[in-house]
Each structure stands twice: as C-alpha cells, then as structure tokens.
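Each structure below appears as structure tokens.
Next come two complexes built around subunit A: one with subunit B, the other with subunit C.
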Partner chain A sequence: MTSLHLVVPGQVIASSSSSVGTDGEDSFLKGHGTYLERVTNTSTNEAEQRLVASVVGIVHRVNKLITVIPASSGVYDGQVGDLVVGQVTAVGPTRWKVALCGSGQREAQLPLTGMVLPGGVQRVRTAQDQRDMRQHLQEGDWISAEVHKINPNDGSLLLHTRSMRYGKLSYGTHTCVPPALMPRRKNHYYTDFLDQVDVVWGVNGQIWIQRKLSALQGYHNNVAQAENDRDEDRHERLRQEHASTPLLQDDRMAVARVRNAIECLAMVHAMVTPEHVETVYRQSSHLRPADMLLPDNVIALTACTRQ
Partner chain B sequence: MTTSLRRADLLSLSNLRNDGRKPEEIRRLRVQLGPLAGEAGGSALVEMGLTMALAVVKGPMECLRRSDELPDRAILDVKVSAAPFGFGTDRRVTNANTDRRLVEAAHWLQKAMEATVLLQLHPKSRIQIHVLVLADDGGRLCAAINAATCALLDAGIPMKDFCVACTAGLDEDTTLVDLNRREESSSNGQPAVVLPCAMLPQRGTVVLAQCEARLPSTDTLHRVQAAAMDGCRAVFEILQAAVRERATTLLSARKGHASIENAFP
Partner chain C sequence: MASGLALQLSESEKLYLIDGCADNCRLDGREREDIRQYTIVTSSETTSADGHPPLMLSNGSARLILSSSGSTSTHILCSVKVEVMTPSQSQPNQGNLIVHVEDSLAANSSLSRKKNEEDRNRVQSIISELLATNLIDLESLCIIPYHYAFNVSVDVEILSGTAGSIIDACCHAIRAALQNTLLPKVVPSSIVNDAGTSMDPVGSSSSDLMLESDLSLAQTPSGIDNAAVVVTVTVCHRALTNSYLLLLDASLEEEACCFCQVHVAVDAREGTEPTICALRKTGNGSLPWELLPEITALAVKAVPMAKSSFRVAGSSRNNASLLQTQLDIQ
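After this line comes the complex of A and B, so read on.
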C-alpha cells in the first residue's frame, strides 16, 4: 500500500501539457517536497509542466495541492505556535540563540523583548536589561518556548517565552528523538504524567522530563499562602521550591524510566506519543531502567506499537 | 608489445577482468543508510567493491562566518578525508589529510552536489557534507559522490534527483566500467584512461565528467562516456532500491505495522 505512493527525488509525480505561450491553468499546485519543471518537447513544440518529487516520501494530495511527506526524520519544520525545547548556545546584544535540533540545524532566536521581565513588568527594554541578559539565560541553559514567527526571508524561527509556562528548565533530564516521530498534539505539557513526572514534549523532538512539581512538600500550603499572589509569583515560588527540594532516589528512577521508554520508542522508529510511552513504561516495571535499552528488551517493550 | 601486455593484464582471453567481472559489469555495490542515526542529520555507508566511503550530512545550519552567507541560497561545505588505514598500498601519500587529490575530489564533489541539491530553499545557511574514505580500491570520487547522495537523502534535504557516479575506462578497444585500483593505475608508463562521470539518472543530465588521458578520437570519448553513463544507471537502480527499502521500513514503523529488522543497524 505504502510502496505505491512512495516517491524518490527526481520521480515525476504529475504532468500537465499546455501549448507554448499560453499560461494554461494547472491541474496541480506545488507543495512541500516537490518542484516544478517545464519541459519542451522539441518535435511537437509542446510545453509540458511536470511536478517532480524532491525528497523521499509519500505523496499526499489535498484537492490540487500535492505534497510529499518525507520519510526521513531529521528536519524540524517549524510552525507558528509550536512548543519547542532548546538549548541556549549564544547570548547576543539583544537576543539569545537557541539550538532546537542539536548542532546540526539552524538556530532559532529568542529576542529580549520575547521574554517576561522579572516581576512581570511591562515596559520598553533598556540598556540595563541588555546587560542583565546573562542573569536570565546563559549558554547551555535549556528552555521551553513557543514559535512566535517564521522569518519570511530565510525561514529562521523567532521564539517567545511570554507565558509563565515557558522559560528556563532546570533540575530534570533531556532526551531527543527525530522530529518526525513527534506528532503535533493538542497538549504538549504533561504534568503528573503517570503520577510520577512532568514532561514537556517539544515539537522539535526535544523532550524535557523532570520530577513532578505537585509532589513537592508544602506545595499546597504554598498555593494557599499565595492565594492573593499573581500567577507569575506562584510559578516563580514553585520553581524555587523545586530547585531547593532534594531529589529522591524514587524520583530519579521514575525520570530515568520515562526517559528510557522514550529512547526505546525512538530506537524502533515508533511514534513517541504519551500513550506509547505510558505502555512501555508500565511494561518495563520488572526491569531496571538501565536494562530497558538492551536490544532484546527494546523489541519486547515496544511490541505494543506494532501489530 | 606494450599494448599486448596491457591487454593480457586487464582483460583475460575469456574477456573477463582481473576480478572476474565482465567489461560492462559494475562491482558489488552495498548501501547502508543511516549507520550513524542519532549522531547526525543524515549518514550513509557505500561500498563499491573494496572501496568504502562514509558520508555524513548536517544542516541546513548557520554559516561559520556571516560573510560566507549567500542571500538567495545555501552554501555547501564539502570535505573529503581519508582514514589513515585506507591507503595501505599507496606509498606516495605521506599524510592522507593534506593530500591534494582529496582536495580536488572535494571540489568535484561540491560541483556535482551544487547541481543536484535545491539550494535556493535554504537561503543564508550552510549544508555540511563530510565524506570519509575508509578504503580505497579505485573509484574513490564516485564512491564519495554516491555516499553523499545517500546521506543527503537520509537527511531529507530536497534534491532535484539522485546524483550517481561511476567510472569508465578503456582497454585497447573495449570499454570497462567501474574500474578498480589496478585498472585505473598507469601501466608501462602509459596513463590509464579513467573517466569518472556523475549524472542525474532520471533526467539524463551529466553533472560531472572528467578525463585526463589521451584518447585516439572523440568517438572513443563518446563510447567511454556512454559506458560510464550505463554504469551510473546500474548504480542508480541499486541506490534507489536501498533508499526505497529504508523509507518503507521507517514509514511503516512509524505507522505501527512493520518489521524492525533494520531498526538496529
């Protein structure tokens, strides 16, 4: 079934002939993963327009629009509104550079104006703010952010963290899967995932896993105290508390188990969805987290993703 | 005398070459896609007979210097290097990584790939192609081009077509395809005829053809060229089959109904 629609670069998907000179109406539109080519037949002097595949993948057609969905999983194709997880690689004069897909791809930019100032004040960013940039985020920090804009000139991404859900990630672990294995979902923040951890599923394939915040001692007291506080303060306090509470053995094991469950799925090229991770997690209960990545165990654990 | 020696050398009386191939037969070609999955955007290992090349593709990513950026398209950053153990028989090479012939190979590889990759889709960025020649038994440039094509496909970088390469040569009057080291090295002071050729097989466009030897006539050149193009088409069939198989595996694994034999390369 799939092999019928599988195309490779250079393969002609569709062609339409029209006589030279007239700009006849095309029967198709060029989508991602394709390019148009005009071929003139010298004997009949007839121009033919061909739609040719440019990546390996499956042909997908919506009315006239023909796209090729790539089979390879390497490239993250950003869309406005995506939740992404990335690592700060450089601090510039007014912006941070954020690597979204390891070192192999273009970096996104997080402008100073795209983040909330401490205390949530709304004002124009000053030179003092620029000097303090490294206090907020420095090289090597992991952040979660939302794609704000795509630069129309070169396709680079502009991020923002203008919500308390976004911002610096700390005291957790990070793992990454090929972006194609990470489907877009309604919700990419999972708090209390499996009653054990909080997970941030970046659409770019980067995943952040940390101990669940609600497990913290005194969390509820804190919330009660801060009833009158603003949202930002409460989040800030929660983060501080998270940082100051020691991490227990059980928390570490749960984080490691979720991480290795994700790794297992990526190893067999299965979709990394919360449902799959949950199944793998539950089936791995008889194993130590470290043993989950042995090839035999990977195949056994991920059997649920195959029919 | 010289020619008769050469003929006895390369082609036996039964019209077979020294490794048992027919004149128009290519060497055994093996392709492995994504051997370094997880480490890089795309990777491929191509074996043409005993010649082995590993290509790694990264990108599109930032240019190292702003001055390198092109406003309308991506630049290719190509490097060809050789494993220190890959030149066991070549005593002329003292340091494989400063070898001028590798620099030249990188240049030709870049020219061939610039004609193939749709660079205008990623302006102001850089695509890095690094080929490591692990073993060299002739046809190093062609193995590098084939490996780079497979790595680009594995990385999902848009291309016009495959870019496949194969060499052809001449023994007296017979054209030989996909020369090994013995066939492409000079004998009796006469440089061997070697014509590496890279083409886009589905459009029939030649993007690279190079011949430094002296040929008796243009007609001969055309014959050698045609032989090289036939070799390219044979290479294309094998590469295409490998790429399709890999894509089918990946796609069906993602859909949730498939084998996982290729999951652990």
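After this line comes the complex of A and C, so read on.
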C-alpha cells in the first residue's frame, strides 16, 4: 500500500472495460467494502466493469485484491490472537472486566484462569485466589493481553495473559488512536523501538509506551544467575524493578517524543505503523517534543506519509 | 476536575506522570510552565462561503480550539448578545454583564456518576465569580442614567473538554468574543425629532431610542483590553519527596491526578503592577498556606504568555490547510 485513497460510498475505485458478451478476466478481485457494477457504455458499446466502494474508507490493494477498509473509528472488532491493551474497569468474582475502547463499547473479560499466577502455571484456582484477585489487578490498571475466544452469542471477547509477554503494564504512558489506524501485524510488542523505548501496539488502538527493559540492571544480571530460575520469575522480577526505578530525563523525553509522534499521525489520520512513527520521530529531532504538536509542525512531520 | 469529566488513571500511570512533572518533562514533553497553543476563530476573521459571519444573531462571537492530540480537544464556543434594559436603582449609571456557561458535556457524561446540579454548574459558578465584574467597564454601558443601559449577556458553550484546562479556555474565548463585540450606537430619538421644543429626553412620552444603523459608529465595549485573565495553576503532590509541583495548562490526565487547582484572575494592565482580582481553589486537597505566594506569582508570570500563545485561524492558510478542516469549521 503506497498511498491512502479515501473513498465514499458510490465512488468508483477502478474500472476495466471488456467487450460485450465475453466475461473477460477481471483485472482486479473485489474484497470487502466494494461491489462490482456492470455498466454499458452506449457510445462505444462496450461493457465496463466498475469497482465501486460501498463504505467510507481507505482503499487497500494487495496484488489484484482491492478492499476498502472502513473508516469507522470507534468500533474495534476482535479477532482471536490479537494483542490488545486495555484498562481494568471492574473486579468480579472470577474474572476482571477490561475496557478496550474507551467507555463506549462492550467490555472484554479476563477470567482468573487466564492469568499466570506466581508459583505455578497450571495450579487449580482456589477460593483464596479469588479473594486475592485485587492484588494482581485493580480498577484502572492497564494490561496487555491476547484475545483467546470470541463468545459466539454476544460477540464479547475473552482474553488471556498466559505468557510472559502479556500482563500488567506499569510506569509508562498510553495513547489512544482510532482502531482503524492500527495495522495488523505479526509482532505487536516492540522492544528497543528506536533503541529508546518499548512499545506495545494494541490492535484496539491503545498503545503503551515505556522505557526499554534492556536498560535495567536486572536484565543483564539475570543471565549469569542460576539456570533453575524460571523464565516467568525472572520476568516478574524485571517487571517489578521497572515499576520501581525512576526514569532519567532523557528517557522521558524519548517516551514523550514517541508519544507525540503517534499523536501527530493520529491527527492527520494516517496509519500508525511503527515505520511511520519512526520516520516522524527522526524528522522531529530538531524540535522540542512539546513543539511537535503545533499544527504547522504536525503537517510538516507527517508529510512523508502522504507522498 | 472542574469539568466533571474524570479520567481513570492507574496508580502506576499517576506515579509516572508526577515523576515526569518533577523532572520537568510532562507526558507530552512540555515543561511545567509551558502553555499549549490554542486557535481562535472570531466573527471578524472568518466568513463562510456566502460571506456571512458565523453567528448572525449575536453581537460578537468566538470559537476556541485547544487540541493536544488526535482524539482530545477542548472546544469552546462563546457568543455575546446585547440588549437594552433599565438599569437597577442601586446602580443607575451602570450596565450589566452576565456570563452563562453551558457545560452540557458534564451534565450528560456517562463517565461521571454523580450528575447533580453542583457538578453541572461548577464551571458556571467559577467563571462568573472570577470574571463577571472584571471584564469590561460597566459604566460605559450606560445610555441614559436611570433609564437605559446595555445588558451584555455572554453565553459560553463547552463543546468538548477532553484536552483539559477548560476554565482558562473559557476565559480566552470570552475575551476574544468581547473584543469582537460591537455595541450599536444608540441615540434617544427625542433629541433628534423635536429640535425646537424644550428638551426633556427622560420624559416618559419621548423615551424612544433610535438605533444608528451605521456600523462604523458601533464600538467595542471599553475596558476589554484590560480585562482580567484567568490562569489555572494545578498543584500536584509528589509523595516520594513530599513536595508540591505547580503546573500550568494541565491536560485532562494531569487534572485527574492533581492534588488541587487554583484559579487566579489577574488584572495586568500596561504600566501598573499586576493585581489579583479573584482567586478560587477547587479540588479535594488541602493547600498548604506557604504555597499561595508561589502560586500567585506563577499565575502573574503566566499572563503575558497566555495572552499571546494563540494563533488566529485563517492567518496561515498556506501551510495549515490540511489541519484547517479539523481545527476550524467542521
């Protein structure tokens, strides 16, 4: 996808002409958000096939397949395997309720069994665990999780954090962009992004930025420690160290700069991909982070995404 | 806090935010005393396609947009309406100015559970208390003492408050709207009509007023250039060092984890020492008394910055054309 082409319903995206009577091979395949229309051009007596958009959105072209990604900004449709970043809104008897998209949407659920507990991964959850739920996650905490299942009845999402990569997020900052601007990639957890920060790109539009974990002391120390240290425990220790160590000012500026780069892209409604963020970040090195959000600068910095 | 929109931040996020303020690097990289730039659209600057000013039934209007990210913005609309009324008996030489703030967002917000009258009128009471008497010279609004005076009613509509700093934004919007208000020149018609008979302009039968339709004779309310400016100082408490941090122009996240806020109305005219017209504290924290001089000094220092950190929409059309549609008329 080289350029973003915004279309409205009824707008012709592509057309191919074929002579009347033959069903000529399509030069494009139609995807979601489009429909084919056959129009006869009376002057030349040729049948024309037109690909017309049926939703408001951005044209996305992969080889011959043309789809229109709808530009509905608030709705996030979950798919199994998505990495999402959400905020805990309620602590229930056996599960947490996690808000993925602000306050407007349905909330996803994170059951107690979906969470890794210290001391053993496969332990049966006891009544004491239920009472201790609040020690792990409270209302207002941010977590990164993966979508485990989609409830077929009402479409609500079931999450899980059964991996070292997911869990509670702390000592960082989050930003929200419309879910339509988030690309679906294979990897959503970027460590050492731009060699400065760790970024978690939630597919639901929430992005979490924190300092890079490899800058912590514990990261390198643990390599030399005994091997019977389980990976989960090491990660847990690393996380706690990260939550309690204050940041240097340079690191903070880097986090602020990445955050502003994402905001700039969201302001001009460009896709918030790591590559775009990196470009904006590098181009903004001559500005103070706070000045990046002035309208003139936003346009100048995001010019690369519009060529 | 003043708007009724309450964000929920995790404890860890609050810690990060406050540590950032202590390091002089806030969430968006600003320093503690940095103010964001806002955009003002006024009735004299913009005209729509057919050449009419945006709000035709008002005497002056302004729109303020403060946008701190792609999804958050504080959007204020202010309209000034002028009518003629009888002045009160106790102050026969003065007109009247009423400020009314409509905060429909807080009233209908699903985020805040308590939607009682107090929350809804919070912004209204703060602004009218701080500003209403300090905006323009009320005596200039008088037409005929004891009989006619202008009643200026300023209506502010808060369209969106998600970028925080609502009170400051309302104050700037009111100021811009009043600077663009035109008071019509009003002449008692008896003076014009009866040239030969004895003049009794305040008699009941000849108390008609005539409106001069020549717009060039209309004036802006006097005193608006010296009007008070409200600066909100947000106080954050850092538990680690038990210290207090002062911020200017707080975003919604900073307001959600602040200790308290102090709104200061400063009168800073040219040539005289700045004076504080009004001061109000909101929020649940108890402010230590020793902080007060520091807070007021910061507010006074911020007034020239606040008065100048805006851009008028339409002036830089060449490079801001893309964002024009977002920041201006939609």
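Please note the rule applied: the second predicted complex is superposed on the first by the 233 of 307 C-alpha atoms of A that agree within 3 Å, B and C clash if a C-alpha of one lies under 4 Å from a C-alpha of the other, contacts with A are read in each partner's own complex, and residues count from 1 in each chain.
Heads up, the rule we're going with is that a residue touches a chain if its C-beta (ideal position, glycine included) is under 8 Å from a C-beta of that chain, and two chains touch if they have at least 3 such contacts.
This is a predicted model, so every value here is computed, not measured.
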Could you tell me if A:Gly10 is touching subunit B, subunit C, both of them or neither one (first, second, both, neither)? first
Output check: A:Pro295 vs subunit B and subunit C. Expected answer is one of first, second, both, neither. What do you get? both
Touch test for A:Gln87: subunit B only (first), subunit C only (second), both, or neither? second
Which partner chains sit in contact with A:Asp154 here, subunit B, subunit C, both or neither? Use first/second/both/neither. first
Of the partners subunit B and subunit C, which touch A:Asp198 in the superposed model: first, second, both, neither? neither
Using the superposition on chain A described above, determine whether A:Asp141 touches subunit B (first), subunit C (second), both, or neither. second
If we overlay the two complexes on their shared chain A, which of subunit B and subunit C does A:Val268 touch? Say first, second, both or neither. both
Jot down the residues of subunit A that show up as touching in both complexes, subunit B in one and subunit C in the other. 103, 266-269, 295, 299
Sites on subunit C touched by subunit A in the complex: 8-13, 15-17, 19-20, 23-31, 34, 36-37, 39, 67-71, 110-111, 311, 316, 319-320, 322-323, 326-327
Footprint of subunit C on subunit A - complex, ascending: 87, 89, 103, 138-142, 169-178, 243, 246-247, 249, 252-253, 256-257, 259-260, 263-269, 288-290, 292-296, 298-300
Show me the residue ranges of subunit A that touch subunit B in the complex, using the header's touch definition. 2-3, 6, 8-12, 33, 35, 52, 54-58, 70-75, 103-107, 153-156, 180-181, 266-271, 295, 299, 302, 305-307
Could you pull out which subunit B residues touch subunit A in their complex? 38, 40-42, 58-62, 118, 122-125, 153-162, 200-203, 240, 243-244, 246-258, 260, 263-264
